[in-house]
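By written order: A, B, C and D. Residues from 1 in each chain.
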Amino acid sequence: MSQGSFFEQLFESIAERGREFLSQTLSGTPRNTPSLQELSALLLAQRGEATVAALAQRLVTAYQELDEASREAYFTWLAETLNPDAEDVLAAAQRYREERSPDALIALGRVCEAPRQTLFRRMNMAADGTAALVDLRAALLDRLKEEPSLKAVDDDLLHLFGSWFNRGFLMLKQIDWRTPAFVLEKLIAYESVHEIQGWEDLRRRLAQDRRCFAFFHPVLADEPLIFVEVALVKGMAASVHPLLDADKPAMDPKSADTAIFYSINNCQKGLRGVSFGNFLIKQVAAELNKELPNLKTFATLSPIPGFRRWLLSDAVGAADGNDEVKALIEDTRQPVAAPPGETRKDLLMRLVAHYLTRAKRRDGWPLDPVARFHLGNGARMERINWQGDLSPNGLQQSAGLMVNYLYGLDDLERNHEAYVNRKQVVAARAVDQLAKSAASMFKENAA
Amino acid sequence: MSQGSFFEQLFESIAERGREFLSQTLSGTPRNTPSLQELSALLLAQRGEATVAALAQRLVTAYQELDEASREAYFTWLAETLNPDAEDVLAAAQRYREERSPDALIALGRVCEAPRQTLFRRMNMAADGTAALVDLRAALLDRLKEEPSLKAVDDDLLHLFGSWFNRGFLMLKQIDWRTPAFVLEKLIAYESVHEIQGWEDLRRRLAQDRRCFAFFHPVLADEPLIFVEVALVKGMAASVHPLLDADKPAMDPKSADTAIFYSINNCQKGLRGVSFGNFLIKQVAAELNKELPNLKTFATLSPIPGFRRWLLSDAVGAADGNDEVKALIEDTRQPVAAPPGETRKDLLMRLVAHYLTRAKRRDGWPLDPVARFHLGNGARMERINWQGDLSPNGLQQSAGLMVNYLYGLDDLERNHEAYVNRKQVVAARAVDQLAKSAASMFKENAA
Amino acid sequence: MSQGSFFEQLFESIAERGREFLSQTLSGTPRNTPSLQELSALLLAQRGEATVAALAQRLVTAYQELDEASREAYFTWLAETLNPDAEDVLAAAQRYREERSPDALIALGRVCEAPRQTLFRRMNMAADGTAALVDLRAALLDRLKEEPSLKAVDDDLLHLFGSWFNRGFLMLKQIDWRTPAFVLEKLIAYESVHEIQGWEDLRRRLAQDRRCFAFFHPVLADEPLIFVEVALVKGMAASVHPLLDADKPAMDPKSADTAIFYSINNCQKGLRGVSFGNFLIKQVAAELNKELPNLKTFATLSPIPGFRRWLLSDAVGAADGNDEVKALIEDTRQPVAAPPGETRKDLLMRLVAHYLTRAKRRDGWPLDPVARFHLGNGARMERINWQGDLSPNGLQQSAGLMVNYLYGLDDLERNHEAYVNRKQVVAARAVDQLAKSAASMFKENAA
Amino acid sequence: MSQGSFFEQLFESIAERGREFLSQTLSGTPRNTPSLQELSALLLAQRGEATVAALAQRLVTAYQELDEASREAYFTWLAETLNPDAEDVLAAAQRYREERSPDALIALGRVCEAPRQTLFRRMNMAADGTAALVDLRAALLDRLKEEPSLKAVDDDLLHLFGSWFNRGFLMLKQIDWRTPAFVLEKLIAYESVHEIQGWEDLRRRLAQDRRCFAFFHPVLADEPLIFVEVALVKGMAASVHPLLDADKPAMDPKSADTAIFYSINNCQKGLRGVSFGNFLIKQVAAELNKELPNLKTFATLSPIPGFRRWLLSDAVGAADGNDEVKALIEDTRQPVAAPPGETRKDLLMRLVAHYLTRAKRRDGWPLDPVARFHLGNGARMERINWQGDLSPNGLQQSAGLMVNYLYGLDDLERNHEAYVNRKQVVAARAVDQLAKSAASMFKENAA
């Protein structure tokens, strides 16, 4: 059965009701409300663009009014119905292998693309269509665990978003106290690394010795996609607390020598997997470099989100012959995280160095997600900071420890190459030595 | 051979030179200049986005400096090298037919997409990347006739552009005498229906009884994609000459009752096939309706570009038993087009009505491209105008005749349906009767 | 002594030091810091504009760094030194009476204008000069009570500001949640009628059923000069509490029939006496009328700021033969204001009606300043509201009562004429009757 | 008779008709049209601002519709009627001399200001009021020669404009090819030094090696007040012709070392006497310095507009004993100016040097107006250029000669001082020597 005939049949099957509905819809007075599935099929069935925009608008509005059950049913329908026809695909693949002609290749492309991609592209023509589709994917991601068959729908959306939110279409904008309140309140909502405590806290984060930048997309003009917060300081910050102290007077940015990227937040759940972060950090570093030539060092002050979990699972083996480790793990198991005492410092520093540089996933990449992100950008793991974040969250995730990743503009590419091609964790000598000193504990079991 | 291994091999084969070059490139001092092909392969081979933007910039710059021969070689390379692997495609197609699983479908999508799509997406990350790709496609279209194998490359670009220039991303802007000169001079350059004779002519076309609207894309902010020129008049204009008369004083737009769309121009050759026009006309009509409720009629004054060609080829048969037609055709054959005399009026009007409503392509759609465009939008062929355009071009294409297509807001959808589903040419009674009166001439040969 | 010679002598007297200083100042390295008085004399002595802007900048900066004592000395100097020469003035006046010639008139104007007006005009050429002068006048107003001789300086500034802040140069802007935080925080700072409790309160005041408008001046772009807050409601609001309730859900502005102007605030102390308010209310009413044709009534909900003071002073006489009034006054005398009980309602309503409509200043205008403002605008005193504002401030000033002034677009001019020409207090019948019913209490002493 | 009573009488005299008219006017349906004089008197008579804006609008509109005779009558009325009362003035002057009190000074100011200043300030409240007043003064200036009694009205307007168009309120904007056509066409209209030949010429003047800057006022947003054209070149330009050559390819501005200010034009006749030019040149030099640090020299290439006139009048005496001069003067007398031959070069250069440096007005300032302007700014007369401008206008005014005035940032103030305080013409040594060599010719008659 050809794809064309699929739609012809689909169209015929909804023809009587659909045609009547279509003219009602377009004249603004639908008598009976069609389902979202019917609307989608109608939208797909349109030839020419004359009626597409009006139908797309209708569909987007109807989607936004769905109750949860209907939305789930709609997702299932998208996953089950709007797939490429397997026989058509096989025939096109065989023809392509035989002919290797442009025509065969073009035909293959047509037949392999799930029709829902066309549906989504048409929905995008509605006013706020892009925002609606980003929301739709956010809802779909929530369902994905329970209904893994939605994965292909998700992949189609991700594919489209990768195209629409291409780096070339993003605009970097500085956010400061002159930014509309409408946008600022979104920072408060989206900041999840170091929560913003209200407008006064936000104001301090936008003072003269702070910077904030975000990527925006032209059609989501008021919605930051990702933003990064930067503190301009003297020397590489070792603890996040002075950076977040709302009462600390702002220093003259001209006397700073270091830019600390202390928080980076993705704002749109529906854009998960579309990567902006790498571009953002580099471009912000370049902007800051231009504005303030006095800045010599660009580094992060980052959490180590997987450390505690690793300590309680993978590190347990290391504890076997080591009472000190065993005691540490016992402490760590306590439900309420407390700042570790100074007596634990030496051991914890060695363990975290080991975790960051030696603990790997099965595929050979580092276990820690933040490490993966910054190493992939070409940064160097520069320094581990004892008592860098003593907030409940900081204790819970990272036992209060933090890391600086150094963005050395001259070394970024070399580091990136070493990491990407050889999976090498580029770290400062001191970090390496800390890790080495922990090696004996992990001799027997290659974590 | 898997796609992964294709790139691994490609990468290995350029490895020594490439790696060295890459570090040179990124440090800004390449000693030996790589070819565009090598740059492209390198860009494709990047993992992570760390080096992508810099390489993309390098590639775009290098492309812009190509001489013609190298550009042609590059096009050929794009067409021959960056294709899906036919064996991989077949394997994925077979797996999909068996499993029908999301994973199989996702894998199929990956394997069927030509790697050059990834290349283009990455090139787009360069500053002005979008503009460069639009230019690249314009050059490619020029080569297409001579080198039909470029068709698949072209299709990949069209696919991407369809996504990037989705209606949802376009901005409608009014163009008037407050618009930057920088943009205005592009109108002068791009207007090809009724050429603009200079700044004074342009100024008249932007006076208070004229309107001009264009679509823009956020990343091509100074480049109109398509624009339409509108005259606000009393009664449905029958000739283009009063509309273009630069000396005619401007009337009060509040006393107009009709908006005549008298010129619509695509500006970017590289975006051919990405359709904007339908959206443009409807949205402009809506804007005008809002601004000037006194406007009752929205219509075009359009050329009939295929008429003369048809007269000299397809209509010849009709001339057999008809001396008058024979004489007309002889006239028309003259190299220098002259305004047809009044004695020809009756015959010409009947012939053009026949041409517009009855002359069809093999696939059943009307022969005249402008008719296809407006009928597809749901417009009605309203009136044929004798001596509507006596310019050399107007005589050459259309024997001086023009047509009004009426955009009746209430009938657009019904007309569109009739045209799209039943290929019906919706025309006013008078036009139909003219056509009918010509029928006897074409009895024997169904044109 | 002619004015010219005054400056010549002034200039000579500071010549040696001044000339040296001037060249140092303008080359950026002054060795000895001149006083503000010397800088001012130098600035006044410049011929041509070549050095004016640089000196003006220097003067403005120096002014901003003054300590309090020096500022006071500077004010005194401005008042004592930079006056017109009385002999010159008299001579010019005599010449003008004799000649009545344009030249004599022009000469008169030159000689009568205090040289400090030229000084202020030149200071205005500095960056932020306007803001500095507005601040200067604010400080001057603070000194005025203690040093009445500054009155003429103040009058010169007021004269200049009246010219610079002419209605023709002001821009009306809507303030909403899209406004930069930088401006919004100023609303929080300047609102003094009904204090804003923080960002959440502000946000409610900018919700969809609220409006806020302000006048701005081009060179003080981030500084609202005056702003008005409006609530869109059903029916004429009688109490301010529902309007200020941050938890009340916002209603659809299309279903409102009344716009209540519930707060109007001047922002710049230094612009006291330059009137914007009348223009603001009318223009906002016109804007709202255009945006929301459903609005039928435009009215204020206003305090009665002088009522309690009047009750404790002027109304005492009325209490003589009236125990009820006497008791009321006793209550009112309590330092902590409490909401008056219902038993007092009848009496209070009558007294306030009397106060608003009959209590006059010696010059015949109403005693209540808010009444003067709105009656002068042509509004009508429409309704007195029992328990309209039970906040401490509302109780303290107005015994919890409020008034609606009705802006009836058709009656504004007639009311304005009646008020301005005949000092007539235009009030609704019910208000008048309340006042009449109080008349007997005030028989003997015409308040 | 006090001023108050003047207005009271005025008001009474127009009372019956006026009151009726006022209410008609404000309700939008005036039955009998009042004269502009009556409208003005009414506007002046308003108390409070409630009706001022509406009346001002009415007055401005009425003014714009005046025929010439009525306008002249209105001007005369303004000059004769709206003057200060001479008796009031004398009384106030006497009181001021006796009291020297702030109150006396304030009263004096009130009584000396012509009531038309209040009228103009109120007219300014109309939409486009400022533009209307600038136009009014332009018309008034045209009448001034014929009716010198308008001088005082003109002075009042100049006084107001000096305040409104204070440097602090002007915005410097760069004009380039991105500027709206609406503004660009005004450059074409206003350029009178070196006429712009159309859009192509304009475009060359805005190319990458040219700069154009203008001052704008916030309420005349589309109207440049004054603009300057700059050419970026190598070496100090000696002739204007290469600068105006539309076909000359644009050079890279980064390789220029000199900025030549080759044309400066006031745009608003109605603002004559409000000086912007000094500020403009200096601020533009500062902007260019910031943008292009490669620029080392800032100089003008200026006409010598009074030279030929001087040659034919004041220089005649010098010709007595000098046949060469006599011959030159005979040549110069020819109605059609021709480029002077090389044989005249030596003599002409000496004469023009004499004219520029030694020829003075009775008040001791240089005869040449352009010299006065630039010397007053602190520029140095740097070089005289033979055959600098061979256009008809250049020959007619300056015998084809031009001058460079050098703006040496470090010397501006010293030069300015020397010029302003000692009337010293600061010139380069070569210019001085040329002038000296001409001295003998002018021995007998001190020009």
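Quick note on the criterion: a residue touches a chain if its C-beta (ideal position, glycine included) is under 8 Å from a C-beta of that chain, and two chains touch if they have at least 3 such contacts.
Predicted model, so just to flag it, every value in this text is computed and none were measured.
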Of A-B and B-D, whichever chain pair has more C-beta contact pairs: A-B
Distance between chain centroids, defined by C-alpha means - subunit B, subunit C (Å): 61
CA centroid of subunit B to CA centroid of subunit D, Å: 53
Subunit A and subunit B: spacing of chain centres that average the CA atoms, whole Å: 37
Where subunit A touches two or more other chains, by residue: none
Touching pairs - complete list by chain label: A-B, A-C, B-D, C-D
Residues of subunit B that touch subunit D when the two form their complex: 177-182, 184, 198-199, 203
Touch list for subunit C against partner subunit D, complex: 19, 22-23, 26-27, 47-51, 53, 79, 83-84, 86-87, 89-90, 92-94, 96-97, 100, 102-103, 105-106, 108-109, 112-114, 121, 124-126, 129-130, 148-152, 155-156, 159-160, 162-164, 166-169, 218-219, 275, 278-279, 282, 376-378, 410, 412-414, 416-417, 420
